[in-house]
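Several structures are given next for inspection.
Here come two complexes built around chain A, the first alongside chain B, the second alongside chain C.
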Partner chain A sequence: MQTLLQLFFTALQIGAVYILFALGLTLIFGVLRIVNFAHGQFFTLSALIVSVAVPWFANGGSPVWLAYTLACLCGVIVTSALGALVYEVGFKRVERDMTGSFILSAGFVLMIEGVFTKLFGGIVRPVPPLVDGNIDVFGISVAAQRLVLCGVAAALTLLLTLALGGTRFGKALRAVSIDHQAAMLQGISYRRIGFGGFVAATAIGAVAGALIAPVAAVSPTLGDAYLVKGFIAVVIGGMGSVPGAILGGLFIAFVESFVGFYFDPSVASLAIFVLVMAVLLVRPKGLLGHE
Partner chain B sequence: MLHPAIRHLFRTSLVIACSAHVGLSMANETIKLGLSVPLSGSGAPWGVGAEWLCRKAASEIAESGGVKVKGQVVNFECVTYDNKYNAAEGAKVAQALVNKDDVKFVAGSIGTAPVRALQSLTERKGVLLFTTAWGASIKGTNYPLTFTQMNTTIEIAGPLTGFIAKAHPIKTVALLNPNDATGQETEKTARKAWEAAGVKVVSSDWYERGSSEFQPVAAKLSALKPDGIDLCSTPPADAGLVFKELAGLGWNGVKIVEVGTGASGLIATGGNAAQGVYLGAAVSLDGPTVTAHQRALDDGVRKATGDSINAVQIGIYDAVYALKAAMERAQSTEPADVAKAMSSVTFTSFYGNKSGFGGKAVYGTPQQMMLPVIVTQLKDGKLVEVARIASGEQR
Partner chain C sequence: MNERFFRQGLLAVALAALLSVAAGSGYAGNLVIWIAIAAVLASTLRFVLLIGELNFAVAAFFGLGAYASGAATTLWQLPFGLSILTSGVVALLASAAFGYVTLRVKGPYFLLIGFAFTEALRILYTRSEWLGGNSGMVGIFPPAVLGDYFPTFVVAVAGALILLLARIEHSHLGRVFVAIRDNDSVVRSVGIPVHAMKVLCFCIASLVAGVAGALQAFSNNVISPLDFSFMLSTFALAYLKVGGERHALGPVVGAVLLVLLASVAQRFGGSEQIFYGAAIVFGVLFMPDGLTGWLARRRTARAKTALPSPAGEMQ
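So, the complex of A and B:
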């Protein structure tokens, strides 16, 4: 029982990052109908900035919590700016073009990763945790830093869900993702919503990167593994579906946790791919995908 | 029509210019030394440090007069590409080095998967290859141009496991390896070595290189309650994450990273959980016998990588000097001639001892650089040498 509880909590902790990552991807696809492989680079940039900024602020005399908060803010702002730039010079021209966006984003991945390696070096960078140590939850030992990550992920997911349902911008995003032509006929500016949606998705990815930094090996290639898992989560849940991204993220996390324990991580990776193929055979649009 | 005197002057000048050019050509030749190494990801410290050390060795040799071959002076120039520690990039790097840059000598290659891609080209094209790749199958009579430039798991596993089994009362050990060619080769040898040392291997698990999530496998390892956990060929940063998760779960046994090469990557991700880890391929330069030259090289690598020098990087430095010795012995810069001479040369390695190539009993041909096995342990954030075991042939 204790083992099952441990694995359940492990799955929730792992799933928190996958959900945030997948939310950004699905938002971009939902609004712009494009695939963005460079999302992993946005995630990575935020983590890299946190790895540089936290020691810088801490050495300047700031307490750890303030240094971390400021570093996260810097990471999200800079990454969002990069997202805006990438949209303006690239993705704006390939909206609703799957092939074009596929090729463009693959090119961005190579270019941006090369720039990161030049700027930050290829070495893994240490990031001190915001909160150290472990906490006992129902007899299970849980890393305090990971609890913070789960809490923030849950809050952000709730905020996004409320924003999509309750704000003008959120409603416009949903309208565009359902039928962009009808939305335009209603007076919604597709270009403005596309830009806003892309930057919002980038910011969500940046938050995920900033949160994972203290518990991951931060280097210019950090986002590569998360990109694959993020895409699988989106594909399983349904591209363009926010609840689908949450479901997909949790699905992968539970497979990784349980199969990784009862077999090993390599078998878990294989199982994830086999399961996504099975889902696509049965429901090609994903579990909660739109028609 | 030119005046005859002017024509004569022109002819004489042309002859002098050609002679000077030929003379200059005979005075200096630059040979490219290729490197196929990871410059990004968790293997980056190895690659970045290797590149720095290759350049350093090349400049030291140039400053001391170069390599003397048939009256010519030969100098080295290092050409490096990022193989990202995977076969696909390794294949691209192989094409770049061998076909595009026309490299005849590869002074260093890291990662069994990318090295296999490189070796399939180098042996065919007559390029001499130095590698840190683990597998026994990477050298032998079928690969006469391939030499290993650091102790592999075959050389390290026996002495390391024997030392730990004597120092600690461990009866069981669990293994974890990356699921690639390097990990698969290491696992076989590690398993045999632990069993020979009287320690039972209770589990052997695999993870995909590039992962950041080690909680599930740490939970599995911890649940088995082994006396020791050997992370074999796991890179330092990944190993730190695993030990951190294990510490969080309350496991506190003997920690080993057989191919552990440095402390910084371990501490960066593992923090206090990395204390007490035994490493089989790291070098500690804090003792009284360390020379000024060794410290200077360590300082240079620290500046370049943020971590201390390690056995993987040192292999590239030693390989450059081995090439110098073999070229001077063979009095040739042809890879086949240099390879023939390599088995009989001696040179002074970074470690200060006379080194050469051996391993005929294990591999069929003497293609393994003979180096001591240095066992280090992380104590209070510092790497401390706890044992130095000479290779059988050196003894």
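So, the complex of A and C:
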């Protein structure tokens, strides 16, 4: 029972980050029909900035929580700016061209990752812990830091889902992703929504990166592993579907923590792959996808 | 035109093979080998694009071929020719199973599942102790008979493979593939099994990629799981995109140009990764049809402007 509960918590923690990552991917695909491989690089950039900025702010004399907040803000703002730039220079010209935009994003992956390696070096950067100590929850001991991160991620996911359902911008995003021509006929500006959607998705990815920085080994290739899992989550849930991304993210996190514990982490990765194949055999458009 | 194309193709391969003798087996020889292998990889990518799918699993089948040759040579002591054949067969069988399941889905789903497959295979290699695990396999040597002529051998095989793909593309089967890309419902309506044809196309491309992987294993002598990540697929994409996908020569042009330029860039301390990335971005944004497409358009433009002038002289 102890172990089960512990595993359940681990799954929720990594699941929250997977969900945030997959949400960005599915938004970009839904709105712009872009399979964006460069999403992992935005995620990495934010984590890298946090890993550099936290010690910098902390040395400047600010308390740990303030250093973290400032660093996260920096990470998200800089990453969103990069996202806006990449969209304006590149993706705007190949929108709704699935193959062309994918190839373009692959080019950005190589370029951005190469630049990161030059700028930050290939070394792993440890980030000092946000909160020290452990907290007892239901009789099991959980690292306080992970609990905080998990809470923030869960709150953000909830907020996002509500925003997508409730706000004008969220409704316009969903309308465009269901049928962009019909949405344009209703007076929704595709250009504006496309730009807004891309930057919003990038910012979500940046938040996920900033959240993972304290608990992960931050290096310029951090995003690659998340890219595979994020895309698998999106494929399982159905591309372009927001509830699908949440479901897929949780699914992968649970398989990873349970199979990873009882067998081996690499067996878990293989199991995830086999399960995706099985899902696609039964439901070629993903669990919650539609034509 | 068809006949002429293949006669010229054969001539070009023979010429390239002869030229590669001059490169010897040093750094220049390695460069020649990598150009040849890169051209084959990009050509297989282009071949699957005939049915309208982007095959991101190309690195996976390339890796399978390399590992099959590695195992055949170092573990089972099979002769050189048989090892390369093993690579082709292993890649073919794996791609038949993988393609049968995954080609039911299209576009982004197929692309992403290929990406996941590449990474899953890499994990499998690192887990397999008999394949050397994390550190990979060593001691995969080509026969001593080939000696300094190994680059020549690679160029000849690569050229033959690319010609084979071009031959199939120009055959009846190739037209069926293109028809599936354009409108698969029409193809189905005349009684052609679309799914089987797609799997066939995928299998041919993967067989060729597997043989290319074997060549890579023999030329490098060492292979490790890290060599076969999705980055390799991205590089192949760069060759294809810069060369242009309209013409069978596109991947070859792209491979020659990018590999040479990257080696120059590396000598000046640049990063190979940034260079390839920039090449892809530039290609997609400014030369959507690649170099061959750009050249073809210039030629037709010149033909148009050239036409009125003889009429002018007549007057």
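Following the convention adopted for this analysis, the second predicted complex is superposed on the first by the 291 of 291 C-alpha atoms of A that agree within 3 Å, B and C clash if a C-alpha of one lies under 4 Å from a C-alpha of the other, contacts with A are read in each partner's own complex, and residues count from 1 in each chain.
To be clear about the criterion, a residue touches a chain if its C-beta (ideal position, glycine included) is under 8 Å from a C-beta of that chain, and two chains touch if they have at least 3 such contacts.
Fair warning: this is a prediction, and the values are worked out from it, not measured in the lab.
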(message) Under the superposition described at the top, does placing chain B and chain C together on chain A give a clash or a fit?
(response) clash
(request) Using the touch definition from the top, say if A:S177 reaches chain B (first), chain C (second), both or neither. (result) neither
(request) Considering only touches as defined above, state whether A:P126 meets chain B (first), chain C (second), both or neither. (result) first
(request) Mind working out whether A:T117 is in touch with chain B, chain C, both or neither, as first, second, both or neither? (result) both
(request) Based on the superposed arrangement, let me know which partner A:T3 touches: chain B (first), chain C (second), both, or neither? (result) first
(message) For A:S266 in the superposed arrangement: first (chain B), second (chain C), both or neither?
(response) both
(request) Identify the partner contact of A:G90: answer first if only chain B is touched, second if only chain C is, both if each is, neither if none is. (result) second
(message) Touch test for A:S241: chain B only (first), chain C only (second), both, or neither?
(response) neither
(message) Going by the contact rule set out at the top, does A:T221 touch chain B (first), chain C (second), both, or neither?
(response) first
(request) State which residues of chain A lie in both footprints, the one left by chain B and the one left by chain C. (result) 113, 117, 264, 266-267, 269
(message) Touching residues of chain C toward chain A in the complex: what are they?
(response) 54, 101-102, 104-105, 107-109, 111-113, 115-117, 119-120, 123-124, 126-127, 231, 234, 237-238, 241, 271-281, 283-285, 288
(request) Note which residues of chain A are touching chain B in the complex, please. (result) 3, 6-7, 10, 13-14, 113, 117, 121-126, 134, 141, 143, 212, 215-217, 219-222, 224-226, 256-262, 264-269
(request) Please give the residue numbers of chain A that touch chain C in the complex, ascending. (result) 29, 35, 89-90, 93-94, 98-100, 102-104, 106-115, 117-118, 228, 231-232, 234-235, 239, 264, 266-267, 269-270, 273, 276-277, 280-281, 284-286
(request) Going by the contact rule at the top, pick out the chain B residues touching chain A in the complex. (result) 38-42, 44-45, 47-48, 82, 84, 179, 205-208, 210-217, 219-220, 223, 237-238, 240-241, 248-250, 265, 267-269, 305-307
